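Shared between the two complexes below is subunit A, which has subunit B as its partner in the first and subunit C in the second.
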Partner chain A sequence: MNADQLLLLVYLLLPFAAAFVPLGVRSGGLLSKGTSATAVRILILLALARGVVSLAGSVAVKTSLLHGYPLEILLTLNTFRYGFLVVAEFCFLLAHWMCPVSVPNEGLIRTLVCFAQGFCSLLLLSDNSVTTGGFLLMAGVVLFYLIRFSVPDKEEEIGAVVSARVHVLFFLLGLLMIAWGVTEFGSRDLVFGRATGSGLGLNLWLALVVLSIPLPPWSRWFSHAMEHLPEGVVLTLVTFLSGLALKAASLFNVSYPDLGWKQKLLLYVLGVIGCGFSVAGLFGAANQRRMLSCLPGFFFSIVLVSLGVSQKGLVLSAYFSCLFVPVLTGLALSAAAVADRGSLQRLFVGLLFALVMGVPGTPVYQIFSGIGARSLDLGVAYTTSFGLLWFFYFSTNVHICRRFFIDREAPSGERSVALPDGARAIFAGYGIFLLFLLIAVAQVAGRLL
Partner chain B sequence: MSGLAGLLGTFLLLAFAVFAGGGFSRGRALWTLSLFAHLLAWAGFLVVVLGLYAKSAGGAATVYSPLILPANQWSAAAAFLWDFPSAALSLAACSVAVSFHFIARDLLDRSRATVASLAGYLFCILGSLGSDHPLLFCVFFAGTMVPRMVFAGMDSHESRIETVKETAFLFTVALFSLLVCMLAFAEPFRGTLDSWFKISGGEWVVPPGSLGLCLLLLAASISAGIFPFHGNARKIFRMGEIERAAPLALQPLVGFGLLFRFGLASFPREFTTFGSFFLGFFAIGIAYCAAGFAGARSARDRVFWLQQVLSCFVAVGFFSLSVKGWHGAEVLLFFECMVVPFLLFVLACHERRQAMPSVKELGRYPAFALSTALAALFALFLPVSVGFYGALLVAWSLVGRFHWPLPFVVLSMPLIAFAGVRIMYFQLGEPAKSASSSEGFTDLRRDELIAIFPLGLMLLFLGLIPRLLMGPIGVSVSGALRSMGIVD
Partner chain C sequence: MNFWNFAVLGTSFLAPIAGVLFFILKRERSQELEIKACLLIFGAAMAAAVAGIVHFNSPVKMEFLWPLTLEQSGYFEFSLQLFWSRFVWVFFMAAMFLAHMAYDGISFPREGHRKPGLLLVGSFAFALLAFLCENILLSLMFVEFSAFLLHAFGMEGEEGEIERASYFKRTCFVFLALVAVLGIALSREFSSSSVMLLGSVLYLFAVLVSRHTLTGWPQLPLLLVHIGMPLFLIERLMIGASSPELWAPLSAVFGLGVVVSAALCLLTPGMLGTAFWMAFSFLAYLLFLRFSSSKPGDPFWGGYEAVGLGAVYAIGVLFRFGDRLDLFWKRATAFGLVALFLGFVVGALPTVEMPATRFDSETTLIKIALLGFFTFMISAVSARGLMLSLEEKSKSASSRNTLARLAPSLVLLAAQTGALLKWHDLNFDDVAASGITGHLYDSRVLVTAAALLVGFLAGGLLGTNTGFVKWTKNRGRSMEDFFPVIDPAIVRRGLQAAQVSEQGIEWFSSRVRATGERAAGSLDETDRAVFGDKLFRGFSEYGSALSQITRFFQSGQTRAYLFLGALVTILSSLIFLLEGR
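Then we have the complex of A and B:
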């Protein structure tokens, strides 16, 4: 085992180790075992940058679960995954900061966020289909308890419904992943690769992709979670779901680069429906949290749209969407917490909306330019549909700006993060940093991938 | 050395059962002696397991025991033989019995019959797991009936006598089937079969092997209490004190022990011919039992249906007649004999408490919360338990070979996920009870902790490092099947 592999191993095990450390919370939630572990993980990722990004190599760790069968934990870090993990770690740092303080089960919530963080990286790096399915099954339990313990008392019933849905959904996803892996790769080594092309395997993969994405209008649990759960938990959930969507979308490149037009059309139509419902939901939202909850739904749906218009090779638009969703959610939640206080906070909110609007060079611009270029190739129907999508997305941003900054009665959130006095400036500063980090990662990824 | 340790572990319990039944000691003193005897038996099988592990996983610990009719060449070969799977199962059974002493301390203090029955029952189970001779197996098989009736008769909720009568009838049928099967299709009568099934001067009426297979399966399914003979097994989950059901939940070991050790060896041709039909039947059984699990209204029913699901999985793995399927089935059998008693112990702790804490208050009762969370993890076949790997291997063994039973197996898993939701809400008990106030609720007591956590942590440990258990079992199963001419 070389130094890079050792670092990767420490990186992977750190959140699980941190989960068991009985460390209290300091400085109003800004310093905890979760934030410390995340900071170390970020440093480790930076240390791995040379081998993975500069030299375009990969680092892998592998251990066998069972002799005689290809059941093994095979975790590979490459450039593609590295970009997402860097962004995700910074989002998890924000999530740890935003975790509720002085509430019942606070320690349990922080521990479960650590677990979710650990499983997110394991899921993304895993290359063995059965092990990946196993991680999904475990993640379902972690997210179930995270939602269950963090939901406020008065929303007990909603919390019960959402947690049950998440558990069943992840259980199904885990089963689908295992069934797909055994069907397609069972005769080989269970490692993701070119699919054998069986009809059953293809259908299982399609189901896996569609279920991986919280697609409106069939994902009311996601809207409920966005609206009712504490900010830190919401950000954890969204970051995890982004990792899952990225995993499912990236398997397209690996296993089905020559996907048939019917399957692509199905994904495209589902994606467009999801986008439509997200936009409609945003216009009809009654409060700030509900309004902000529609944007991640829109970008999750965009992942399906980009898969639907894809040609061959890497689906960069899907990749950028998955990069963008957790940051957008984190920034939106931060903006909600720090809005209209001081010049730094105003600068942050202004930059955020420039990012969301899709100024050239930002990930939103990259997402839409990628899909737009392919839509032009595919003919007038796709081009018209894309034009409508972009137009509605632009309108929603205008609507958000108007509601937040121009209307006399801005939509109020039902709850905001309980920030200590000095923390608002830190949040705003961190938000600005996150904005530039995202743009930088997207630019580097756009050139390397 | 290993074989002698196994023999000691088995027969020590018989000696203790006689001692307890004789009334030489009572109360706490008897409990202490019983715990000591069971711990010694546990240590004996630990030696066997470690010996096999150190030697080679494919090896076996054998003790020839000329106990029966030594004058006859056939019965003189009667022996105890522990391969790795049977030794691991014996160790698991002993672990459950040791834990039972703590969860049911009051019960064992006041009931001498229960102490004697527990020792006698475990002796028979260990004996049947170690028997390498059909006649020896029959002796132990018959022996399980008495303690089972004592357990069932002493504490059944409804109509004790009816339960005992039903149990006795079914066991008599099973024993009779087994004896006929053994005598007719094994030595010393094997050579006389030609004249048994002939109408005078006519054709064969029944293919003899098929009849033997049916008799064997009847005996195995009744003794394992498996679908479709699960009605009687369900009664043990309706006892007044649910912890009393834990030793009886080890009963599938006997039925499946019979199948794994003597089934394929006695009727290889018939199992190969008809195996796929039985596999399909038990695949449907998995779906049926999973639906029962999802629809169960009480926690006791939930545990019962989970046991049935596990048993059906074991049966499917067995009938797949492949190394993968058998490997998965043996692992699941081990998992079943550990996890069902574990769930019953957790359930007993729930039922002893009048009220359940709300989710927000769970942080104040960490042992209670952890035990229930572990129960949920195991009941859902999650990858932190060997049950996940066992079920995976069984399902995998069907891919590409048995097309139509596979969907039943796969589709039953979402049902298990739905069923598991309530357990994950820390509501192993009744929902109405859970909603009540938690005033007066106490965390797990010391005895309950000692009963629950060693079992739970052992399952968790084996689930996190599955190759510790599954590696040697795989080698052993592969060797056994290869000797019968089956290679994947």
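Then we have the complex of A and C:
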């Protein structure tokens, strides 16, 4: 085992180790075991940058679960995954900061966030299909308890419904992943690769992709979670779901690079429906949290649209969507939390708006340019459909901007994060940093991939 | 790379960037300072645009050192194209904003922490990007940004609710236009370029239909900016696109537009309504000229339309201050200027007509007759409006400098002359050789000049005919009712539609949830029935029986040993017998 492998192993085990450390919370929630572990994980990722990014290589650790059987944990870190993990770690740091303080299950929530963080990286790096399915099953349990314990008492009923949904969904996803792996990669030690192309395997994969993405209007649980859960838990959930969506989208590139047009059309139509319902939900939303919860849903649906118009090779638009969703959620929640605006906060909100609007160079621009270019190649019907999609998105932003900044009465919103005065500036500064980090990662990743 | 290219480009962007920084960093609001800053910014932008018009005779592409897009096809490549016709649009935009600030800056809200100047400068900055961007899709995106900031600026004033309704209508119509284009595209009746052209024309219509009748003079330049941006997009789309199947129908549509809007203008009693419909009739006239020509894709048309819209504003300013033109020489100057603008717009003056681009040698008599008729209409509209404005009673006792009122006209005159001469300079080397007299005898010039003169006289007569004026005034605001001033019903319906969509989503989700719960319930029932009641019970009974047997054999009783012995004997005998066979 070389140094890089050792670092990767530490990186992977750190959140699980941190979960068992009995440390309290300091400095108004800003310093905790979770934040410390995340900071170390970020440093480890930076240390691994040379081998993974500069030399365009990969670092892998491997261990067998059952000798004599193809059940093994094979975790590989490559450039593609590295970009997402860097962004995700910074989002998890924000999630730890935004975890509710002085609530009955505070310690348990922080521990479960650590677990979710650990499973997110394991899920993304795993290359064995059955092990990945196992991670999904375990993640379902973690997210079930995370949601269950973080919902306030007065909303216990919603918490019960959402947590049950998440648990069933992840259970199903885990089973689907295992079944798909056995069907398609049974002859190749269950490791992801080019699929054999069986009809059953393809259908299983399609079901896996569609279920991995919280697609409106079917995923009502997602909007409930976005609306009612504390900010830190929401961000954890969204980051995890982004990792899952990225995993499903990247498997398209590995397993089905030449997917048939019918399957693509199905994904495209589902994606467009999801986008339409997200936008409609936003226009009908009555409060801040419900409005903000629609944007991640829109970008999750965009992942399907990207797959639907894809040609061959890596679907960069889907990648950028998965990069963007957790940051967008985190920044939107931060912006809502730092409501009293000083100059730094105003700058943060302005930059966030430029980012969301899709000024050239930003990930939103990359997402839409990728989809738009393919739509132009596919003909005028796809082009017009893309125009509608972009126009919907633009109108959505206009609506948000008008409701928040122009109307005399801004929409009401409840915040579970009580920030001290100093922390507001830190949040705004961190938001600006995260914003530029995202742009930088997207630019570098786009050139390398 | 040419130093002057960088210099002109830098100067163009310097003003809006400095303006944005100024408004962001400034903590306290000061109305006077903001107005002065805006005047300085837009004035500098106009100067830079003039430099661009003079310098860029041929297109120059400017790329970023670090490409902002990762998309390889080049469809969304962000680069700038510097060309004189684009700087004409920049000049037009800056001039409109400058005029707005010069005449109506006082209407800036005095209180509140918002910064209307920032919105206006931001809108200009995005419009600048749209005009200079090489990629038409990005131009469209920047135009939308600019339109939104302009909408936000409009909402700062007293007419916020009207602006809100207008923007809402605009969004709805653009959405409907896109759906219509999608339907046309799916029908496969037209080529791709034709579908795109239809889309851009529908986009223009969406903007036009969404605008409301003017309720104040400050809205006139903003209306023209709103019209100008989609016009620019049509120009961009027309360059290089070949969709001749639509040219004749579109010229017919815009010809009809000239007639309808001119008729509405002639029947409208108020000056604001007159200016509003005049803008529409000029716009329709300009587009009729483009689509009825043999070369609608010629780059000339863009700059021509920009100065045409500028002429509308200049004439509108004369309408606005017509009541204060008390002396004969002032009135004569105003009439002369309007006639001169009309001459420029319709191309009835020698050396500024466009024979090569407008009509070719196969031009039919009907086309020339139509051109004459439409020229007559817009001339009548302009002259009647000016005549009416002279008769209006002044509401304010304060007298302003006449030159200040004529300033937009003079600036536009210079710009218009410069732009047209520039175009001639680039396209016709033999202008001087052909001479003025050669052009004077051109039948088309003669027809348009005659139509202009007749229209001007007819309009003047309509404006002074007290019977006609009384009749139009007695009609009240019926013409304005085509575009309601305040339309709260639409806003209300929009909100209701949003609620309905939300309810629809709720209903659909609850259906899905209920179905899911039912499915889960049946699954649970099945699970209980199949696995719980039958299989599990069977297994458990079998298991308990097996357990009893096992316990019996392990109990140490004599009967158990006897039974086991008998069993072993039977099995051994069986094996022995089978082996023997």
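Heads up, the rule we're going with is that the second predicted complex is superposed on the first by the 447 of 449 C-alpha atoms of A that agree within 3 Å, B and C clash if a C-alpha of one lies under 4 Å from a C-alpha of the other, contacts with A are read in each partner's own complex, and residues count from 1 in each chain.
What we mean here is this: contacts are C-beta pairs under 8 Å (C-beta built on N, C-alpha and C of every residue); 3 or more make two chains touch, one makes a residue touch a chain.
Model, not experiment: these values are computed from the prediction.
Student: So, on subunit A, is it clash or fit between subunit B and subunit C?
Tutor: clash
Student: Which partner does A:Ile178 reach: the first (subunit B), the second (subunit C), both, or neither?
Tutor: Only subunit B; A:Ile178 stays clear of subunit C.
Student: So in the superposed three-chain picture, is A:His167 touching just subunit B, just subunit C, both, or none of them (first/second/both/neither)?
Tutor: In the superposed model, A:His167 contacts subunit B only, not subunit C.
Student: Looking at the overlay, what does A:Gln366 touch: subunit B (first), subunit C (second), both, or neither?
Tutor: In the superposition, A:Gln366 touches subunit C alone.
Student: Tell me which of subunit B and subunit C touches more residues of subunit A.
Tutor: C
Student: When the two structures are overlaid on chain A, which partner does A:Asn105 contact: first (subunit B), second (subunit C), both, or neither?
Tutor: first
Student: With both complexes overlaid on chain A, does A:Pro216 touch subunit B (first), subunit C (second), both or neither?
Tutor: In the superposition, A:Pro216 contacts subunit C only.
Student: Of the two partner chains, subunit B (first) and subunit C (second), which one does A:Gly431 touch, if any: first, second, both, or neither?
Tutor: In the superposition, A:Gly431 contacts neither subunit B nor subunit C.
Student: Based on the superposed arrangement, let me know which partner A:Gly284 touches: subunit B (first), subunit C (second), both, or neither?
Tutor: In the superposition, A:Gly284 touches subunit C alone.
Student: In the overlay, one of 19-27, 55-63, 199-207 or 289-297 from subunit B clashes with subunit C and the rest don't. Which one?
Tutor: It is 289-297; the other listed stretches have no clashes.
Student: What residues on subunit A does subunit C touch that subunit B touches too?
Tutor: none
Student: If we count contacts the way the header does, which residues on subunit A are in touch with subunit B in the complex?
Tutor: 64-69, 71, 104-105, 107-108, 130, 134-135, 137-138, 141, 144-145, 148-149, 153, 160, 164, 167-168, 171-172, 175, 178-179, 182-183, 186-187
Student: For a test of understanding, state which residues of subunit B touch subunit A in their complex under the given definition.
Tutor: Touching subunit A: residues 324, 359-363, 373, 376-377, 380, 382-384, 388-389, 392-393, 395-396, 399-400, 410, 413-414, 417-418, 420-421, 424-425, 466-467, 470-471, 474-475, 478 of subunit B.
Student: So in the complex, the part of subunit C that touches subunit A is made up of which residues?
Tutor: Touch list, subunit C to subunit A: 24, 68-71, 73, 75-76, 78, 137-138, 141, 144-145, 148, 152, 155, 171, 174-175, 178-179, 181-182, 185-186, 192, 195-196, 199, 498-499, 501-505, 508-509, 512-513.
Student: Spell out the part of subunit A that touches subunit C in their complex, as residue ranges.
Tutor: The contact residues of subunit A facing subunit C are 216-218, 220, 277, 280-281, 283-285, 316, 347, 350, 357-358, 360-361, 365-366, 368-370, 372-373, 376-377, 379-381, 383-385, 387-388, 390-391, 394-395, 398, 401-402, 406, 442-443, 446-447.
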